[in-house]
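Shared chain: chain A. Partners: chain B in the first complex, chain C in the second.
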Partner chain A sequence: MPADTADVVVVGAGVVGAATAWYAARSGRSVTVVDRGSVAGGTTGAGEGNILVSDKPPGAELDLARLSSALWRDLAVEVGGFEYDTKGGLVVASTPAGFDALVALAARQHAAGVETVVVPAGELAEHEPHLTPSLAGGVLYPGDAQVQPMLAAARLLRAARTKGARVRTGVEVTGFLRSGDRVTGVRTTAGDLPAGAVVNAAGTWGGEIASLAGVDVPVLPRRGFILVTEPLPRLVRHKVYAAEYVADVASDDADLQTSPVVEGTEAGPILIGASRERVGYDRTLSVRVLRALAAQAVALFPVLAGVQVIRAYRGFRPYCPDHLPVIGADPRAPGLFHACGHEGAGIGLAAATGRLIAQLVDGDRPELDVTPFRPERFA
Partner chain B sequence: MATSPYDVAVVGAGPAGLAAAAAALAGGARVALIDAGRQPGGQYWRHRPGDLGAVADLHHDLGAFRALVAGVAGAVRYFGQHVWNVSGSAADGFAVLTAETEVAARSLVLAPGAYDRQVPFRSWDLPGVYTAGGAQALLKGNEVLVGRRVVVGGTGPFLLPVAAGLAARGAHVAGVYEANAPAGWARHTAAVLPVAAKLTEGAGYAAALARHRVPFHSRRAVVAAHGEQAVEAVTVAKLDREWRIVPGSERIVECDAVAVGWGFTPQLELPLALGVATRVDADGSLVVEVDERQRTSVPGVYVAGEACGVGGAPLAVAEGEIAGTAAVAAPVPARLRRRRRALRRFAAAMHAVHPVRDGWQSWLGDDTLVCRCEEVTAGEVRAAVDDLGATDARTAKLLSRAGMGWCQGRVCGYATACLTASASGSATVSALDLQGVSERPIAVPISLGRLAGDAGHTGQQ
Partner chain C sequence: MSAAFEFDGRDIAFTEGQTVGAALVAAGVRSWRTTRREGRPRGVFCGIGICFDCLVTIDDVPNQRACLVPADADSIVRSQEGDGRGHLAV
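Up next, the complex of A and B:
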């Protein structure tokens, strides 16, 4: 091995790459992070920063989310500086049938270890005073939290740097170094970077990185818009969303889906989502989508009608056909690990993903079974 | 609302927009003229509400203004309407969206103008600190003086009419502090002589300042404000070639208001929303790239005036006329092209004589506010680069919150981009940096009720 070989090269300086770099550096590995853009310049910088357990039915992804939520709680102390807010989630249903289905889901989540509180219609106002009175009921998830996602990535990278990691932005990966089948580093626009292991944390662009290594990882962009209001006193206390959101997340439809997701932030503005469409990387602002988001938010919180929107942004969620992320070693290209395809849950799942990848790179047994996330499952 | 598309929608009813609308109408087009103001004129020909005859002595070229207003009589006016988004294409037609309505058009002329470029200085968040343009707007629009004893500072020929106007209305102008040396104009006679009216205009303001005994100081700048509740004084200092303070040259000047301007920043939200190509102009501003017919890189979209490069009202009028003519596919007269060329040369000379040098950054303490909306300091912007790894202005903004508040970076975007470039070791601010602080997909705030399109939600003020 050349002397300048890193133990781990992480491709992608988003939140997943940052968490991977942090956990790998903390366990004593020499780490280099490369990104063709800037720190948190992709999907990390285009989301709300959710750390959710509420929107996942029992299964592998919920297990990952629960582990990740616990790790974020630790990171808020160990690293900190990224507006970690344990505000909780409130899922609301507009019809009695919808409420019944929501309560049934909550019961199953509760059995899987998620803290849930069923809130009858008459008690919703105690939790969210400005909610429309026309709802059938809701479920409170005290375990839902939020971070400022760009700060989270930047702080994790900074912490990794204090443990010796190197972060090289504006450097694009153009290919892989190989020794037989084995991946031994990456070729970049700034020269070759030999490495013991390469982690593909390129998010929505993870499929392109995988194809440079000759393997197929089907990650596709799923566009979403977010509206940002003027800074306000805490009008909305939780992340509040409609029960249909869970169905939208799981949908395979390429057409537009919107469901109201409304949340206040520590900094003051209220964030309003969520839309999902598969339109490639089209960055055009869609007035139709913004209007739908505004209408749904006002229906949920009538008080918002007079509140000013000052900003809108869009991003591209890294979407896999089965809605599960890709986490683990790639048997088709030994030395290559994937940590991408987290769709809209990348911030929340980043901590666990980074930790599990660091354990796999170390040759340790990961603390959660990653078989459901294996990269070769799509073949 | 459901009208057939206009041939041309002109956004902005300042000098460029008025000229564009008049030219398109003269070419036989159906024209919509849209402006945030309740009456035509823009910033340059701003008047007291409902009275276009007022404050004539503070204005320049009023004859041209009256002719343009008469020329747009045939346009359908959408005044008092803020455009929050433009979208569409030449093939599908364009939509200009305001909170109240949607205007459909086959082609667009965007004439959004510019606003004062600001650089931060110590305590510039004190009440009594105004932009030069803000002081001028209060005077022209409301006949209100920003103070009784006023200091005017910054750079550029615009400082002269601001100081002259304040003095004419009875303010004591304690001094005009021009950070550059106007003697530099002597090197640009070839650019100035063909547009001799500019000389007369400048000489007129200089005479007015002399008449009111307003002292003019070159190579000096307002580098700090002082006061408890409001401005009570400013520090002015002599600058070296790079605009660092010459040690020992600081002087305290008492005042109850200060008006500062460092050139202008074009308003690019709407052109950028359509994806037009841009470039960095000689004054360091991001501007729209246009051809000799004011066409942008997006078919059917024309841009005129300050958004293509800051150059003043006569140039804006010339560009507007060209854009309106081109938008109706009429030939552009050679005299117009010549006039635009001469005025562009003058503008280039102006930018060469009145640059903004990086040395202003050395006036700031780490605790000096850069973003007043979100209260972000220069130290915090630099830390976003040094500590958190930002390498471009957009990332620095998102990591420090500079430019994330009410004004969405209109005031601090330029300063944030400059500080980021300096902290990350770049010699100049790139177009990408400026684009990162200039894109605003929602160009002006709109209430959620209005955005939802429900007429019942009128929105609160």
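Up next, the complex of A and C:
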């Protein structure tokens, strides 16, 4: 191998790439991270920073989320500096039937190890004093947390660099180095980077990186908008969202879906989501969507009617047809690993994804079965 | 005869077309807001609507830019503490 060969080249300086770089560097691997843009300049910077267990029914993704939540708790101590907040999530239902369904889901999640507290309508105000009194009830998930996603990616990369990792932004991957079927590095706009393993952590653009290696990984964009209010005192204690959000996430409908997701931030502004629509990479600002988000947030928290929105941002959640991420070695291109397609849960799932990929690259048995996330499952 | 608006319980004179910020500065008022974290004084900085330093509460609506809002004799202007909505905190 050439002397400048890295053990691992990570494609993508978002939070998944950053977590992968951190865990691989910590286990003694030489790591180079490349990104055609900036740190957290794509999928990561367009998110809210959710680390949720509340929005996933029992199954492979919930197992991944539980592992990841525990790892984020460790990262907040080991790395830190990214506004990790164990605020908890409060999911609310507006109708008795919706509340029954929510309580039933919570019971199944509880059986799978998630901490849940059923909150009858009359007790909601104790948890969220500004919440509308016209709700049927809710479930509190103390395990939900939040980070500032761009800070999280930056801090993880900085920590990886203290272990010798290199971070090269403004460098675009244009192809792969091959030795027969085997992937032996990447071609970039700054020259060839030979590597023992290549990790595709390109988020929404993971499918394009995969196609450069001649393999199909169907990651597609789903557009989401977020409103940002003027700085406020703490009006909202938890991440508060409507039970319909869980159904929206799992939906296969191409049309617009919106459900209110409201939470405060350490800096003061309240973030208001969440919309989902399949419009390709169209970045056009949609007033219709922003209006729907604002109206739903005000319905949930009437106090917000008198608050100014100062900006909106949008991004593309990378989804796969079965709404599961792609995590693991690609048997069609040995040496290539995928860590992408996390839809709207990429910040939360980043820690576990990075840890599992680092274990796989090391040839170790991963601490969670990654079979449900295997890249070749779509064939 | 010049008009005046009420600011923290006293009258501030202004001429037609003057902004709230300009009238306050002309009356010798240099600051009318405190910062959110350290409570430091703020008044006009850029004077052209860009910097958001001169935020003030007008007719109970906080976070208005004093340098852009025309003075009005019917307005009640109050200096603003931090985000101006501390009473809503939970």
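By definition in this document, the second predicted complex is superposed on the first by the 379 of 379 C-alpha atoms of A that agree within 3 Å, B and C clash if a C-alpha of one lies under 4 Å from a C-alpha of the other, contacts with A are read in each partner's own complex, and residues count from 1 in each chain.
What we mean here is this: contacts are C-beta pairs under 8 Å (C-beta built on N, C-alpha and C of every residue); 3 or more make two chains touch, one makes a residue touch a chain.
Note that the structure is predicted; figures quoted are calculated from it, not measured.
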Check the residue A:T284 against both partner chains and state whether it touches chain B (first), chain C (second), both, or neither. first
Between chain B and chain C, the one with more contact residues on chain A is chain B
Return first, second, both or neither, reflecting whether A:A295 touches chain B, chain C, both chains, or no partner chain. first
If you stack the two complexes on chain A, which partner ends up touching A:T44: first (chain B), second (chain C), both, or neither? neither
For A:Q308 in the superposed arrangement: first (chain B), second (chain C), both or neither? both
Just chain B (first), just chain C (second), both, or neither: which does A:R234 touch? second
Scan A:S30 for contacts with chain B and chain C and give back first, second, both or neither. neither
Quick check on the superposed pair: does A:P129 touch chain B, chain C, both, or neither? Answer first, second, both or neither. second
Note: overlapping chain A surface for chain B and chain C spans 230-231, 306-308
Chain B residues within the chain A interface of the complex: 85, 87, 95, 97, 273, 275, 374, 387-392, 394-395, 398-399, 401, 404-406, 408, 440-442, 445-449, 451-454, 457, 459-460
Using the touch definition from the top, list the residues of chain A that touch chain C in their complex. 128-130, 230-235, 237, 268, 303, 306-308
Residue ranges of chain A touching chain B (in the complex, touch as defined): 13, 38-41, 45, 150-151, 154-155, 157-158, 167, 169-170, 227, 229-231, 267, 272, 284-285, 287, 290-291, 294-295, 297-298, 304-314
Under the definition above, what is the set of chain C residues touching chain A in their complex? 36, 61, 63, 82-83, 85-86, 88-90
